[in-house]
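Listed after this line are the structures, all set down as structure tokens.
Look for chain A in each of the two complexes below; its partner is chain B in the first and chain C in the second.
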Partner chain A sequence: MSEASPAKAYALHLGIIALLFALSFILPEYYHGLLARIMVLAVFAMGYNMLFGYVGLLSLGHAMFFGAGLYGAGLAIIQLGWSVPAALAAGLACGAVLSLVIGLLALRTTGVAFMIVTMMFAQVFYLLILYFATWTGGDQGMVVPQPARVLNFGATSLDLTDPTVRYICALTLFSLVLLITLSIVRSRHGRVLVAIRENEERTKMLGYDTYSNKLAAVVVSGTICAASGAAYALLFGYVGSSFASVQYSILPLLWVLLGGAATTLGPLIGTVFMYYVIDITSGYTSAYLLIVGIALILLVLFFPKGILGTIRQRWLRWLP
Partner chain B sequence: MADRPEVHAWHHFIGRVTVHFGPHLLLAALEGLVTSAVLALTALGLSLVFGVMRVVNVAHGEFFMLGAVLAWAISTAISGHPALGFLAALIIAPLIVGAIALVAERLVLRRLNYNPEATIVATIGMLYIIQQLALTFYGPEARPVEPPFNYRILLPWFGYSGYKLSIIAASALLLIATWLVLTRTRIGLIMRATQYDSETAQAFGIPVGRVYGGVFALGAMLAAIAAVLIVPISQAHYLMGQDPLLLSFIVVIIGGLGSLRGTVVAAVLIGLSDGIISMFFSPTLAKIIATLLVAMVLVFRPQGLFGTASR
Partner chain C sequence: MTPLLSTRGLSRHFGGLRAVDNVDFTLMPGEIRAVIGPNGAGKTTFVSLVSGRIQPSSGAIIFDGDDITGLPAYARVRRGIAYTFQITSVFANLSAYANVALPVQLTLSDRRSAGAIKAGVMSALERTGLADRADMPAGQLSYGHQRLLEVAMGLALKPRLLILDEPTQGLADSEIDNFIALVREIARDATVLLIEHNMPVVMQLAHRITVFNAGKILAEGTPGQIRENAAVQEAYLGTAPRSKRT
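Take a look at the complex of A and B:
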């Protein structure tokens, strides 16, 4: 796929990151804030794509990994009074542990059963948040107070509620995850994952341990999603149960399908596109779920490769 | 999936009166049987679609909701005795829902060639579309439908709604009818042949495409009938399809995918335990335990508790 041109691929990705950095100086205030949010959610989509795009495992429960990061970081900062870096680490750890446990259980199933099992585990996670409302705030959620959202480096301190700082933090996370996914995809492990997606039996027969490769992919995917959730709690200051609901398991699927599954930049394009479509249509109608529904059906029917997937198939064969 | 307020109210009421244990258990069991009756019909629809077409219909709960909402619309449009409006709803609402399902099947599922994963994504899309349209045209309110008759059967300890008992009877009749159709008629034979091996069935001249369309519509109609039966007790609301969807999944998985007997047994089991568990625990905790248990069944015993290993 991208064999011939590693330099081209890296140049493209660094170019995208530079473009996003430049945009922070140009964009008007409203779109500035929106793009910061989109970048954090695009990380969620990239985590989802790791599993859905490259391994071909369609999970309907990734909201629980996002929620693990969100609540892991949020609870650490609100209930335990931890600092920002410690809270971020707590969110990541929650996501890693949860995805390991879920992976061990759910990978015993395949196909449709995998979809339903992940959906059910996510539902349990969501109900647990509602059940322990004393700590989690139930369906009201919690607000992370502004004084807690400050990053201290010795004498200097960064206020995460400041729009510019927030944008740069979101961009940093996004760039890190983008380059990590790119390197995973180009690695030996990444190629085994694609081989599993194409034909698991044959990959097994060739001597690869498909189970541990899949488990690793679940943990990486879950941890990336948790990073997105933790960043969301710290940067936007709201921790709510709706982020763990079924809808937030469907949205990354939609973003990835739209942008192009198994492309490194597809999740970003899908998230940007869907966010702007909803943003524009919400001016005319409050029925944004209708748009989501129609988009899902049209994509599956007529456009299963998504935007970047189609571009890669037609013109740019080297796209990773 | 927020818990319905009336469940909480009932729970608190039960919590306060703790003197007579036996009657409460009987009451909980009766309530559980009503739940089971509705659940069995809804889950049977899901199970038939999965059994014959090998696809999971995530929009199944929305067909249920649509049945209830249409029942409200039809029964308010018809004046006179409430039984008249209810009867009209019981006939017309499932037919409309079946027609909608048939159109959806022709326009979307058939074009996807019944690919299991693409179908799930597409039916998620349908779920959102139906839900949003119901919110737009029906509104966010929960609206009651008057029961066709108000007759209380007096038991030694408490009076019990005769209508609720008639739900159990109606559901039992419909289940028996479905079983007879499946095992004793030509249509049932065609359906079973398609379920067993659709390619061979096609080779023997069975119009598999039309069978799929019919089964999908039938599944949606069963959900709609269940909703019309329950709506005089639980009100019509645009989000009411979520709980039945989850519970139907649970029933179908426990009962073994595509098995009618397993579905009914599991529905009674889940319905009864749901009523009895939520009498002693909070409804949320009951849901957590049930969902977790079922996920574990799916992980460790994918053929269901009553099913046999698939071919």
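Take a look at the complex of A and C:
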């Protein structure tokens, strides 16, 4: 949090990215695919953390931003026949516009009311997907056909269904978003966001328009989540309404809480942890959710600030 | 000379309570003005109206020739009105450094290096004697130091008008002496509006004193004039010693 050691923080983040890159060559096929998925979903968690961790606004409707990217990209490619980059841009644009509109409306409230308002808007979004089943495929969802998931650069083309290409694309998006979050958090704007979380009234009396700062954070958060959704549609080829359901509003909250709210790397750690606990326990018992639940309770009891949040508090105060 | 701050017919009613009632107030640049009055006289409500934390029921506030009545609080801060809270409200989880960095970065309009922020922060911390505690979380500072940190945050805004709401409340006597020296130093570049209960502090610092009672200005004058004012004595003591009747 202090001004010290920017080099250390950047070195750590670049090291994590390098490690993930190296894992691409080491991991067996199954975990290779799982980690690609985790990185895309960790982007979702990072977007959520931007608002929840740093600004302290607890949204229960972020599935709609993930969904906006997912359906924005998916519909563009399936219904309009757009190319992969255009579909990605469409997904991002949908997320940005939706988060701006939702921000303008929901930021009139705070606290519990904000949670309820965002959850209601997400429900509306979810029901709209079901209602317009002719285009969206309703609760069946849509599959993005394999021939459409190819990136063309002049003569060369990249097949996004190829595991290695997919992994590298997921890693690229993850790295970009990680470095963007890190630079936002370290910026003046980031300092204002934390101040709003700590004491909004005081922040106003230091000359900051807290509403505009919060609105900017909602749009950045929503757009990052939409990037995750768009990438999911393009890399994994499935666009389904369950991704816009309330479950996918709760999951990023869980991932962030587990990894450590208001830490840049917490969302990744939380997402990895959750996926691997589910993966390992479901190999032993069909009651794996029981074990996941116990693990969550233990974490909340002994690591109330999440894994990385606790590490920062006890040992590494310089962690961003 | 044009006044730095003036209010015309400024009122704020809470239901039937006239917390601030039709107040005409003028403050000249460079002044140290103390606002005193019994509890509930409307002092804090008055400065909250000036700083924009609450909106008036009626009346106008003019700062440096411009009507700022409709401006939100943050815009008034940017114009140079800084307010330090009566109840200490530093960012307890952030370091003292980060607390002061927020107001400092506001005053740096262009995108200068982090060095400019650092210099600004350290200068404000040094003026308040907190430089060696820059890395401590504000919540772990002693109460007196938290009050000083509040002042440092106000100072860092480079205000033209600094409003101090009961700054010496809860300070030890030794700390109060340092505080008086600090306010005198601040007053060389800024106008100071001071709400204060501690009369020795008021008498030492203020150029002029405004006395509030029941939402209205009861009296205004130099410390000497206020000390001799019978109406003031009555408001404070319930009865004026020299006009005792039965």
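Throughout what follows, the second predicted complex is superposed on the first by the 300 of 320 C-alpha atoms of A that agree within 3 Å, B and C clash if a C-alpha of one lies under 4 Å from a C-alpha of the other, contacts with A are read in each partner's own complex, and residues count from 1 in each chain.
In this section, a residue touches a chain if its C-beta (ideal position, glycine included) is under 8 Å from a C-beta of that chain, and two chains touch if they have at least 3 such contacts.
Keep in mind that this is a model prediction, so the values were computed, not measured.
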Is A:257 touching anything from chain B or chain C once the two structures are fitted on A? First, second, both or neither. first
Report for A:276: first if it touches chain B alone, second if chain C alone, otherwise both or neither. neither
Scan A:188 for contacts with chain B and chain C and give back first, second, both or neither. second
For A:135, select first, second, both or neither according to whether it touches chain B, chain C, the two together, or no partner. neither
In the overlay, answer first, second, both or neither for which of chain B and chain C A:301 touches. first
Please work out whether A:105 is in contact with chain B alone, chain C alone, both, or neither, and reply first, second, both or neither. first
Partner with the higher number of touched chain A residues, chain C or chain B: B
According to the stated criteria, A:209 is in contact with first (chain B), second (chain C), both, or neither; which is it? second
Complex contacts: residues of chain A adjacent to chain B: 58, 60, 105-106, 108-109, 111-113, 115-117, 120-121, 123-124, 127-128, 130-131, 139, 245, 250, 253, 257, 287, 289-290, 292-297, 299-301, 304
Which residues of chain A touch chain C in the complex? 1-3, 188, 191-192, 194-195, 198-199, 201-210
Touch list for chain C against partner chain A, complex: 51, 53, 72-75, 77-78, 83, 85, 89-95, 97-98, 101-103, 105-106, 114, 117-118, 135, 153, 157
So in the complex, the part of chain B that touches chain A is made up of which residues? 1-2, 56, 108, 111-112, 116-118, 120-122, 124-129, 131-133, 135-136, 246, 249, 253, 282, 284-285, 287-288, 291-292, 294-296, 298-300, 302
